[in-house]
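For clarity, chains are labelled A, B and C in written order, and residue numbers in each chain start from 1.
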């Protein structure tokens, strides 16, 4: 079993750090405070190749397999402190780009993938609704066929990237009586009449990622913009969900590495009672725990990615990745604050922001409770 | 105009961790040489140069840096296969051989390598070729129909402007430019582009280093001193203890 | 037999004192050394170095050498070294010697070692120490060959004291037509700062990026330097940000200083900067961040806002 990256893979991975150190080293404290989306950082990531990682080269991407994709995202998480930017990229990649790759028609791919890959176009996913979060497939937004169009009506919430998006993947039902089997996916361009972006939603963390409600009021979507078949919405969703669950926390592994290194440095240099605090067992113990969490997360991440690179479905593993890494990330951030003592609570030391950013990870892409239910059912319980 | 850009593979200074274990050492293009690569590319982007050739001396590991330099935008590259420790004397003689093969109009390279800190190779090369040199350059432009380079140099007494007739050797200083990063797509494309590997014999050079490192040791670190609370305390210490005020 | 030739540096009619320090090393490498003075109308410079115990002061005085163009200077210097049959060609590390001496080494087919900090004898041979890796490592090096070129780190060798008998000045002649002429001098932008030279000052006050802008830098760093009669230095970041000109940069790729007292104000302590301050006697660090690496290298540290501390310090010094 060879656990190492090849020379070629390493060269690409090393390039990520150099890129991020140069272009994404802006003041993360200030960015978090301002809570603005950085179009500049987004575009730079696009030019660098992030948004095109899994996209086939014929549509303008890099055609990377899940392993390489996870590796690049891990490095990005390590080298870029703006978790909000990375979250925005992840939302774009897994909820718009990936469904297009797996389910889009050739003309849809030709029309949208190049721009999505280069960062010229921002994608957003309108799935959750005020009354339907985890219970997504009972959604209430409707799509009524009207000649060459569907008319969409309803409201969506928690739409990441909505205020800055150019293309929306919107899920609506063509027949409420069919329950999940009526759910259908649609690609809706910004500025389509009847597509209304609501007020910005302020979040606890990842504040540079923008989020808003989206209202659909007789919004006309051409038939050729339907994603997949009528009633095939849950299929679109589940095809890309394994990628999403498997990769969305790859950057968290990088963040945990960075946080671990920061804590080790701090524990070595901060002195109390005449010695470095790293010599105190309780402090050292926390750092050891961080290391363990980092390594178990890393192993799970890459094993899941490897399975998918081998063409295996890997549902169970992806759910475990999402569940485990979110828990590890949050706990590591809590421990990091504690290691820093009073300074951990201070904005300037950046640990408090890491925790605020991490806390969302048990909620998006399926809450931890949903992941557990899924794993339980896959275990046959 | 044809520009030759020699560059050196160095350990990433950021990966010098003096406490605890260093896992894998990271390697990069010497930052000053990277500035030279960037400048050469900008000169070509302005339409003032037609061919950019990179050259490095080292073993197979150096091919990572060759690909990076090509991904930045060089047209061709040469790796001279030589894994010996080479001092500036030897490097300048090997580069002289490369220059005689490639016949560039300009050699553009970093002023010093951040590991050896020698700041000699470019000047030695210029001396061997009997070409004019412009060192520690922070700005370069071409005049008189690209036969002359007008260079601003950073010296101990400030900025100085000279002109050098081409062909010439120019060494770059920090503020000449800020190099672009290499994107993943360009790295992947560069992988498919071949580059030459030559031996010193093929270049027609037979040279040994003229310096040998007998031993190296970390320089003694200064001991951390005292934290003071007020400026008055500081002034008192400096006046009474150290007598430097 | 004159074993060593030492290149003297001068600017605007006065000698650069630290350029004499290389003569100290010359004395260790042989019984006799000569000094080389190149320029235009620099007889007085040559006169001023007659009392240093050199066997001769070689003077190449010509309008063609009015500016220190490396191709011309190297050609003349190499000819001088050949005529003497010198084994060693020395200088004190500066942008001038860095420009001229390596080229001269190539003309003499000689190796070169920069920034020598010391020498010792090993198996009957002299070997030299010098810093590498931004000064974090000291390497001991042996040089091969009939001729070797060396620059010394100014602070590592003391300025020679005047001795008795004055050295003779020998006019060194060369064929002007044989001199390279592919380089032309255009202009130099030297503003006299009214402050001591950075590499020679006994007090240096350096500032980093937290000084924010040119005016604040001048007010606080310049103000503190003036209160102490010292020179102004800067980190690369401060120079890049345009707060001060490049000749204030202290560090691995800037100047090396060795004052009695060095203030690092708003300087984090990155090794690339501190490499230039290794030889300072007392280092004082003023920084807002108590964990800044600079405090590990400073004799005294003050944690706080430099915008308050520096004016208070200036006032305390003046009182």
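Here is the rule we go by: a contact is a pair of C-beta atoms (placed from the backbone, for glycine too) under 8 Å apart; a residue touches a chain by one contact, two chains touch by 3 or more.
Please read all numbers here as calculations on a predicted model, not as lab measurements.
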Pair with more cross-chain C-beta pairs in contact, given B-C and A-C: B-C
Most distant chain from subunit A by Cα centroid: C
Centre-of-Cα separation between subunit B and subunit A, whole angstrom: 40
Cα-centroid distance, subunit B relative to subunit C, in whole angstrom: 21
Intercentroid distance (Cα basis), subunit C paired with subunit A, Å: 54
Subunit C partner contacts - residues on subunit A that touch it in the complex: 266, 269-270
Contact footprint of subunit B on subunit C as seen in their complex: 11, 69-71, 74, 94-96, 98-107, 110-115, 122, 127, 131-145, 180, 182-191, 199, 202-203, 228, 236, 239-240, 245-247, 252-253, 255, 260-261, 271-272, 278, 281-284, 295-303, 309, 312-313, 316-317
List of subunit B residues in touch with subunit C within their complex: 13, 16, 18, 32, 87-89, 92, 111-112, 114-128, 130-136, 138, 150, 153-165, 168, 173-175, 209-219, 221-222, 224-229, 231-232, 234-235, 237-238, 242, 244-245
Complex interface listing, subunit C residues touching subunit A: 291
Touching residues on subunit B, where the partner in the complex is subunit A: 19, 26, 28, 64, 67-68, 181-185, 187-188, 191
